[in-house]
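Okay, so subunit A shows up in both of these, paired with subunit B first and subunit C after.
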Partner chain A sequence: MTPRAPDSAGRRPRWTSLPREVVLGALIVLIVLLLWLAGLVYPQLSTFFTLGNLSAILRNLAFEGILATGMMLLLVAGVFDLSVGSMASLSGVVAGWLMKKAGWPVPLAVAGALGTAAFGGFLNGVIVAKVRVNALITTLGTMGVFSGIALLIGGPGITFLPESFSRLGQEEFLGIQAPVWLMAALAGTAGFLLWRTRFFRQYYYIGSNPKAAHLSGINVEGMQILAFTIAGTIAGLAGIVYASRIQTASSTVGVGAELQAITAVILGGASLTGGRGTIFGAMVGVFFMALMKNLLIILRTSSEWQGIILGAVLVLAVGADSIMNRRQER
Partner chain B sequence: MNHHEDEGLDAREAMPTRREVFQTAGILGGALAGAGLFAALGGCETKSAPESAPAPGAAGGDRPRAPKADEEYVWLSANANLPLFTAHDHPALHLVGRELGVKVTVGGPNSIDIPSLVSAIEQTAARKPAGMMVVGWDPSALVVPINRAIESGIPVVCVDADVPASKRLAFIGTDWYDLGVRQAEAMVKALGERKGKVALLGLIEQEIDQKAFAGFRSVAEKAGLTCLEPQQDKGNQVEATRVAAAIIQAHPDLAGMAGFDSESGPGMSQAVKEAGKSGKIIVTSVEAEEQHLRFIKEGVLTAGIGQKRGLFTYMGVKALYEINHSPLKFTPDDRAAGIVPVPVVYSTGTYTVTRDNVHLFLKA
Partner chain C sequence: MTAAAARPDIPAIIPAVGPSGDSGPILSVRGIHKRFPGVHALKGVNLDVRAGEVHALVGENGAGKSTLMHILAGVHRPDEGSIDFRGRTDVAIASEREAQRLGIAIVYQERSLFDPLSIAENVFAGRQPAGACGFIDRRRLRERTRGLLEMVGLAVEPDVPLSALSPAERQMVEIAKALSLDARLIIFDEPTAALTDAETSTLFGVIGLLKKSGVGIIYISHRLEEVFEIADRVSVLKDGEWQATLPVAGTTPGDLVARMVGRDLSVFTRRMAPDRATGTPRLEVRGLCDPPEAAGAGFSRVRLRGIDFSVRAGEVVALAGLNGSGRTEAALAIFGARPRGGGEILVDGRRIDPPSPASAIAAGIGYLPEDRKDAGLFLEMSVERNITAARLARRGGFWLDDAESRSVAEDFRRKMRIACRDVRQAVRSLSGGNQQKVMLARWLLVGPRVLIVDEPTRGVDVGSKAEVHALLYELAARGTAVVVISSDLPEALAVADRILVLREGCISGEISGADATEEKVLRLASIAVER
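Take a look at the complex of A and B:
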C-alpha cells in the first residue's frame, strides 16, 4: 500500500491506491499462470517446479533485487540513479583490491568498499539536491566516472578472492544462497521503514510534491541526499555480494543493471514522477522479470523474441496502470 | 526532479537546462581530473607518446622509413575501455607506439554505441592521422565512414572484427570460424562417447559470433551433438550466469555449453558450478582471462580458447606503418593502383588452455 502526500487542493492523503494494488495483484496472478502454463506445455520439465529451479531463479535475481530496493526508495522520492550499476562494479573492485593488493582483512575491505559506495551516493545526492542539477544528467555523468575508476583499479578483474570472503556470497540456508536471504532481509527492513516509520514516509510527500513538502517543514534537500547515500550504499552491497558469490571482482558486472532495476521497480508500481511505490512492489517486479526471462528460455523462445516480449510486457503493464490512474482521477 | 521544481513535471522541464549541463560539466571535469590524478599516482598506463625515434631502416624507394614528427595512429572501437581491451589491446598498442616512435591514440565510445563509433571514425579522419585501426563492431554501418577515410587518403585497417564490404586495406584478427572449430574439438574430445545437447551463448547479433557458431556446428553436429539455438548473454557476466542457469534447468540432459564472448565463459561456469554439475556439463569458451583460468583450474571450464589479442593492435600499427613507409613497390604508384605492401588478411591464431597447461598461464 502506498501512502500519498496531500495533493495541491489540500485533500486528505489516500492510504490506498486501488489501481496500483490491482496491477500488483494482476502481476502475481500472471506469474502463477505462467508457471502453470509452463508446466502444461512442458510437463516433462518436472525440474521447473523444484526447489533447485526456484533457487536458481532466486540466486540470479538477488543482484537486481538488492539494487531495486535502493532504486525504489529513490523513485518514491521523485529521483533516480543511473550510476548504481557502475557503483556496484566499483565497490566490488574496491573490496577486491583492498583484500588482494592492499592486504586488508576481509571485514575492513568490505567496510572500505561500502564507505566508497556511500560516498559515491552522497556525491550524487549533493549534486542533485544542493547544486540542483537534474538527476538524469548527474547520475549519467557519475555512471561514467564510477565505471572508469572501476576499470582503472580492477582492469579485467581481480580473481581468487579469499575463501573467507567468498563464503559470504556462497553459503546456503534451506537450499537458498546467502545473497537471496540478504535481499529478503534488506527488502523487509526497507519495506518496513518506508511503510511504517514517519521519517521514511516523508519520501512519499517529497516525491509527490517537493514544494509542498518543503513548505511543510520537511528537509527536502537533506532527505534527497540521504536517499542517494542509502541507494549508493545498497548498490555497493550488491556489488560486494556478487563479487563474493563469484569469488572475483569484475569491473563490468554492473553494466546495464541500473536499467534492469528501474524497469523492475516501474513494473512493480513505482512512478517516474515520484511519490508512489512500495518495496513489496519492487520485489514483485524483480521476481516477475526474472520469471519471465526464465520461462522464455524454458519455452525455447529465440533471443530476439525475448527482447520483444519483455519490452511489450513492460509497456503494457505501465500503460494499463496509467490508464487506470487517469480513470480514477476522473 | 528537485524540490524547487513545480509539481507536474513535463517533458520540457525534465530536459536539463544549459546551466545544469555546464554545472555538471564542471563537477564531472573535476571528478575526471581527480580520476586522472589517481591513475597517474597509481602508476596506471596512460596513452603513450613516442619515447625514442627508431633507427631509420635502410629503405629503398622514395618513402622514408623513419616516422614523421607527430605521426599518429589511432585505434577506434565501441566499448573502447572493455577490460579485455585495456588488458591486451591497449598495452600492445602503446608498446608498438614506443617501438616505432610514433604517437598512438585510443578512441571511440565506452558502450556498444555504433552511431558514436561512426562519429568517432569521421571526426578522427577529419584530423588526418597517419592511419586508423577500426574494430568492426558492425559490418555494414561502418562501411561508409571507413570508405570515406580511405578516399581522403588515410590508410585504414580493421582489427579484431572485420568490415569486409569496406575498402579497408587489411584485416588483422582471429578467424572466428576457426575459433568455433577449436571450441567444438575441445568439447567433442571432453565428451568422448557422450552425445546430447549443447547450448551456445554469445553476442548473437555479432557477425564474428555467427561465424564462430557456424564453425562450432560444423564439427559438433558431425560428432552427433545437437546444438541448441544460440542465446543472447549481452556480453555481461550477470546475464550470462542467469541465462546459463535457466538453460540448465530447461535441459536436464544438457551435455555441454559453449560461450563466444568474453563474459560467457565465467557466467556459464558460475551457473554450472552452482547447479552442482561441474564435470557433468562440459563447458568451453572463447578467451583465457584470469576468470576463465580460475574456472579451468577448478575443473569447471574444460577449455578456454585464447585469442592472441595483443597482436591485433601490435600488427595493426605495423601494417599501417608499412603502408606509409615500406620500401617495397609493386608499381610506380601503388596507391593509385590500389596495391598495399602488406598482406590483406592477418590471421592471428588462437591457443587452447586446459587443466593440463593452465599453470603456464596463471600469474604467479
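Take a look at the complex of A and C:
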C-alpha cells in the first residue's frame, strides 16, 4: 500500500471547493454592501434600505421560501416535484371553500386543506416510488390535475375570507409579518432535522446512490413517499398562508412557483442528481433571487428582464460549479 | 476474399467465398501484450483462426479472453505484437469502427442493441441505406434486413420492435448485424449464456452455415461440452498466457481443464485451517431458487435452481464457479435484494422474513456488492458517512452524533489503514483498495453474524488484497460466518475453509479447503456431471 500524498487535492482551499450556498451567501452580502456604497452616490438606490422595501422583500419571499424548504428535501432525496405550485393553489382554494361555502370553522378548514395537500403529495410519492414513473412525468401530470381541480372548486378564486383566517397571514411580530416567521420556523426546523437526525440523514444516502442505500438497509421507497408527502403538505401550507395574507383564495396563485422554487434551491447548492444541498442553501437561494428581483424593480427594469437575468444567473452558477468540479476531479 | 472487401456495400451474402482447400489463417495474432494499471493482462498471446473454422477460446475467469477479444474488436489497443487479417500484415485496429470496416464483428450478449427500435434499425444502426438527399430509404432498409434475417433463420418482419424478441432471437439479430457488416471474422462471446437448449441448437445451426460460407469464428464459452460439440480447434489461455492450440478431436474436457489451471499462488498465504468442528450453523440456505418467470428488469438471466448450504460461525466458505454460474445471484437472493421464488434463509435458526435487505441486515447479514461504485459506495459522500451508512437505518438514537461518528470513522481509518487525509474526504478520491476497506468497515461497524463479500479484491492492489483477507479472517475469528465469492480461483482456494462450486444455478459440488485444487474446482464448475 503506497501512502498517498497527504494533500494531493486539497492543499489550497480554493473558493471552488466551498459549497455553493456559502459562495452565494457571500455574494449576497457583497451586493448589499455595494448597494449601500452606490446609494451614497445614486440616491435612487438607497430606497433599497428603507424599512418599507426590506419588509416588502421579506413578505414576498415567504411564499417561495416555504415552498423551497419542501423542494430542497426532495432534491436531496434525488427527486423533485413540479406540482407544488398547483398544490399551493389547490389547498388555498380548498381552505376557502370549506370555510366560506361549507361553513367549517377556520381551524378545521385549515386542517382539511392541509390533509388534501398531504394526500396529493402522498399520491405523487406512491406513483414515483412504487409504480416507478419518473418524477418529472408524474408531477408534470399532477400539476395539471391539481390546478384543474382548484379551478373547478374555486373558479377564479374565493374572496372575502373570514377575518379570523386572514389575521393568520397579516399578524405582525417585531414588525415582521407572520408568514415570514412561519417560513423561518419551518426552515429552521427542517434544517435542523435534516442536519441532526438519523432518520432524515437517510435522504442524503438515497439521493446519492439509491441502489447502495437499498443494500444498506434503507427503506428507499417509503422514504421517498414520505418526502413527497412532506413537500405536498408544505406546499399546502404555503397556499393557505398566502390566501390568508391576501384574504383571497386564488386558483392561480401558484402558477410558476414550482420553477421559482427549483431555481432557488439549485442556486442554493442542490443538484438534480440528488444527495446534495441544505435547507440553509435553499434559504440563501430564495434570498438571492428576491434580492435580484427587488434590485431590478428599483432600477426600473421591465419585468421581462427579470426572467432573462434570473435564468442566466441560474445557468451561470450551475455551469461554473460543474466546470470547477470537473477540473478538480482531474 | 478481396473481391468482397472492395465492395463493402454488398451485404456478406453467404456464397461469397467457399472454404478453400488448405485455407491459411484468416486471422493471425502474434505476441500480443496488453498491460493495464497493475495487471499484465496478456503476455505474448498467439492465435490463428482459419476461414471456415470455429475456433474455441477457453480459460478461467480473468485468463485474458475478453481482453484479447476487445483488442480484436478495436476496444483496446495492444501494447506489443502484431495482427494479420485477411492477407494484410500488421493491421492496426484503432477503433470499433475500424474493426467493422476490416470485417471483424463481435456478437455481444444483446449489449449493442436498442430496445424500442425496429429490427431493421438495429441491424443497420447508424448505417441505414439512404437516398440521394440523405433520407433513409425505408424500402431498401427493410429488404436488406429481410435478406439477412433469412440467412440467420429468423422468420420475423424487419419492422418488429426489438423488444418483442426472445433472447435467442436477439442473438440472431446481433448475428444479422455482424453479417451486414460484411464480417469475415465473427467473435461470439458466451453466446449461449442466456439461451435455452432449443435456442442453442438454432444458434449452432447458424454457426454451421457461417462456417460453410468461409467466415472465421471465435467462440468463447465456459461450457466445455459446447466446445466439443461445435468447435474445430480450441486455444487455451491461462493467466494472460497462451497455453496451446489443439484440434478438438484430439483432446478431452479433462485435458483442457488441466491446461486451464495452475496459476501462481505465491501472492496468497494459505491460512491455517482452524479447528471448528463444533458449532451450530450460523447461516442456513435451504432450497433457494428464483421465482418461475421473474428475474425481469434489472436482474440477470441466470436462474437459481435450488441451492442448499450452511455456514458455521467462524467458518470462511467460498462460492466458486464461472461467470454466469449464479454466485452473485445467490448472494443477492440471500440478502433479499433479488426476488425469491422459493426456499428459506435462516440466521442462527431464525427465518428471515420478509426477504428484503432491511430485514437481512436486521437479522445480522452484511453484503459487500460486486460493483462497489454502482451498488456499494456513496461516491460523493465522505468516508465517515460511507462507513456509518448501514448503521443509520438500524435502531439507534434519534439524533445523530457527528462527533461520535467521526471518532468511529477515525478508529477504522487507523485500524484498517485506510489511506485518506481526512475522514471527511469524499470516497470518490480513494484508491480501489481503500474504497473496499471503507465498504468492509461499514459492515464491521454493525458487527454482522454473516458477511457475504462479492469479489472483495477486484481492482485492488496486491498489498491491499492481503489486508482485506486478514480482515475477513479477523471477522471469522470473532464468530462471523463469512461467505466469499471470487472469480479469482487461487484466492478462493487460499481463503476458504470449504469451497462450494456452483454451476448453472445449482451447487455442483463441495470440497474442503485442505483437499481443494484448482483442477477439482474447475472440473465441477465447467463439466456437466453425467446424470
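The rule is short, and it goes like this: the second predicted complex is superposed on the first by the 288 of 330 C-alpha atoms of A that agree within 3 Å, B and C clash if a C-alpha of one lies under 4 Å from a C-alpha of the other, contacts with A are read in each partner's own complex, and residues count from 1 in each chain.
Note that contacts are C-beta pairs under 8 Å (C-beta built on N, C-alpha and C of every residue); 3 or more make two chains touch, one makes a residue touch a chain.
Since the structure is predicted, the reported quantities are computational estimates derived from the model, not experimental observations.
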A:69 touches, of subunit B and subunit C: first, second, both or neither? neither
Touching partner for A:300 - first (subunit B), second (subunit C), both, neither: first
Subunit B versus subunit C as contact partner of A:278, first or second or both or neither: neither
Partner chain in contact with A:197 - subunit B first, subunit C second, else both or neither: second
Touched partner set for A:216, first subunit B, second subunit C, both or neither: second
Partner chain(s) touched by A:147 [first = subunit B, second = subunit C, both, neither]: first
Partner, of subunit C and subunit B, that touches more residues belonging to subunit A: B
Touching partner for A:205 - first (subunit B), second (subunit C), both, neither: second
Contacts on subunit A seen with subunit B and repeated with subunit C across the two complexes: 8, 208-209, 211-214
Subunit C partner contacts - residues on subunit A that touch it in the complex: 1-4, 6-10, 196-199, 201-202, 204-205, 208-209, 211-219, 275-276, 329
Contacting residues of subunit B [partner subunit A, same complex]: 1-7, 9, 14, 16-17, 20-21, 23-24, 27-28, 31-32, 35, 38-39, 42, 44, 81-84, 86-87, 110, 204, 228-232, 234, 236-239, 241-243, 245-250, 252, 263, 266, 270-271, 274-275, 289-291, 293-294
Subunit C residues within the subunit A interface of the complex: 335, 337, 357-358, 360-362, 367, 369, 374-381, 385, 389-390, 392-394, 396-400, 417, 419-421, 425, 428-429, 431, 433, 442, 461, 463-464, 467
Residues of subunit A that touch subunit B when the two form their complex: 8, 45, 47-48, 52-53, 56-57, 59-61, 63, 78-79, 127-129, 131-138, 141-142, 144-145, 147-149, 151-157, 159-160, 177, 206, 208-214, 220-221, 224, 242, 245-248, 250-257, 273-274, 290, 293-294, 297-298, 300, 302-303, 306-307
